[in-house]
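First comes the structure, then the notes that go with it.
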């Protein structure tokens, strides 16, 4: 029962071509778990996918995933919570080739959710009084200092899901879920790399994690 | 495989006795769909459950659910989005017996989520420039006026779920889900009225909606 | 009721394949029945569901399956359920393409008043404000006149506005107005009505579509 | 590694049945193995899971199942998965009872510095700040001394603090300090150590537990 609203199945190259120069992209995954590695690495073959701002928990590992994009100088800025595990990122930052915005992991994921939920900004106690509070507005609630965190949004979100139905409803696999459902809400264009596409009705309506209204394109990587 | 962290199965009366005088309670449900009617009506038999502040989308219908508590003068204040459907609520408000705080439904559900998520307050465009903006802080983001909404929390949340496992993991039924998963996060004590309790492992880990760390007690109403 | 059904049918004609549509209470709810087998339009309901199907047959209502008006509905294949906060996150986040809302009054800028009744205490708002702020496109679906025969399209609303943000389209049984450059533009007159009738029964200023 | 395992075992002894516990990277991760069949303690991992089980056997690792240190884990019956924003909503919202964190330094008020390395650019923070703000109880699990033999418990941290909020308990291989009234109280000396050793190797002021 395919519908016009169904997410369209496209190739890795068609997907990569949707990332323009200077785009802000969100990339799901915690380390390489739940990362759309095939999608990310296909960007290497598309020279326009450069000068990117990447919102992702990490920037991959050297020679893998976002780490390859970084090594090729495609990433101008990274917004995330943990870059230390990629020595290339540390080096690129030291040499002024990579701008970095570091956020606590919870504040980052909440800012992504806010970006997809029409919440302009929110107050959290996390990081108040620390070095990461520098330049941020502080306000007390019940005597506790909170930081104002603005929402994050992207032009394109690249996700990894376990399974999609033909409409684009998504389910994930174990801890590979992580940032993917949040990022599915917060980008103008949402592309999910999936292991499997099943007929409409094959996913339990109570178990859909990302409803298809959020998903534009599917890329099948068996 | 029962655990000490398992939510404990208690009786309707034991549950009702956990709502003290003057408590703020959250009650799930959209109208009567997904409302823990048995739990709510059992409060009538516990005289201490009075002077309540009720956070719920509606205050029931006359003679049903929260409507009965209201008729017996147990509710001092109602925070919700739609009271017009209960003529008793309209009358009680007119006669000064019921204080009312009206919130847009989306702002209300987001404030409940915020209360459970350690978000002190957030900015939404909803209701800016309307009568419901009165007394609220306004701030522009990208030139659009937004209102500051503070989080909502309660002493006790009364929920309705379709099924629990013995640990207290919850799944809901269709549109009876509504406010229940949000309220599960935002109260000091969480009690769920369920149709069924199944062994641990019988609910798909990918399909759990309310993980058991949020749930204190289960009441089985077959 | 045939006027209400007429309006719903006229609104359905403005929906495009691929849209995710939220139906408000009242006349908008009737749009579901006017969609027939338009599979390209997917309905969302703010109490937490995507993929709303037609009303169930007699005696087939599922008590756990209702729309925002608390009326029984069905679920189409590919439907999904989510919490209230998630549902409104989708609405505010711009993931609902089109919101169809009823109206008590509409002003000359296309702004809707549909939540506070005249002379009554303000005790209900529901999801109307959220939808007006969040949906990418808003269609107001309303009778042209009140029950007392007064125009609903007025220069300034006497009733409190639901949002500063105007509707994009206003559909009545008599006419369709597009909101353009901050004002109403008459873009269609329904069969059985003429421009003179519309002009005589519309208290808000409006422009005519230029040929 | 036996010092690290000792510390982990000592920390496990402070966990109470019914607690939902988050384990940080490093020594805290080892606490999982020290729990044995303690079914009353449930482990949450901030990358989106409740119900973490022991490490998988050789060759049995599931690539989709890792902890916050990206190490393979298993799932216990009754486990559940959720998104990152939901996971940290649980953490900030006080639904995680106890956070066990490593430390580079701890000051005289029990405040932890564990995210910024000396002389290195600040490029990683992870979830430590969120956990320190949100968990109801924080246990710092750390060796008593740095690799260079310097005390980790110092009057003032030279390294940037992870939060203003102090730990509730500090557990090393040599001692346990409870944070009380804004200061460290020595509540336990481990077998093989004595008060003199602890005093000589602790640069933060601390009080002795009153008998």
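Going in written order, the chains are labelled A, B, C and D, and every chain counts its residues from 1.
The definition used in the following text is that a contact is a pair of C-beta atoms (placed from the backbone, for glycine too) under 8 Å apart; a residue touches a chain by one contact, two chains touch by 3 or more.
The model shown is predicted, which means the values in this text are computed figures rather than measured ones.
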{"item": "Joint neighbours of chain D and chain A, given as chain labels", "value": "B"}
{"item": "Contact-richer chain pair (by C-beta pairs counted) among A-C and B-C", "value": "B-C"}
{"item": "Between chain B and chain D, centroid-to-centroid distance (C-alpha), Å", "value": "34"}
{"item": "Intercentroid distance (Cα basis), chain C paired with chain B, Å", "value": "29"}
{"item": "Inter-chain centre distance, chain A versus chain B - centres from mean C-alpha coordinates, in Å", "value": "32"}
{"item": "Sites on chain B at which at least two other chains make contact", "value": "110, 113, 117-119, 124-126, 172-174, 205-206, 209"}
{"item": "Touching two or more other chains - residues of chain C", "value": "75, 81-82, 88-89, 91-92, 133-134"}
{"item": "Each pair of chains that touches, named by its two labels", "value": "A-B, A-C, A-D, B-C, B-D"}
{"item": "Of chain D, residues touching chain A in the complex", "value": "45-49, 62-67, 70, 75, 81-85, 87-89, 91-92, 116, 120-130, 133-134, 160-164"}
{"item": "Chain A to chain C touching residues, read off their complex", "value": "1, 3-5, 113, 115-119, 165-167, 169, 185-186, 200-201, 205-206, 208, 211-214"}
{"item": "Residues of chain C touching chain A in the complex", "value": "17-20, 39-42, 44, 50-51, 75, 77-82, 88-96, 133-134"}
{"item": "Interfacial residue positions of chain B with respect to chain A in the complex", "value": "110, 114, 117-126, 141-142, 144, 146, 150, 171-174, 204-207, 209"}
{"item": "Residue ranges of chain B touching chain C (in the complex, touch as defined)", "value": "30-31, 33-34, 57, 81-85, 89-90, 93-94, 100, 102-107, 109-110, 112-113, 124-132, 145, 162, 172-182, 209"}
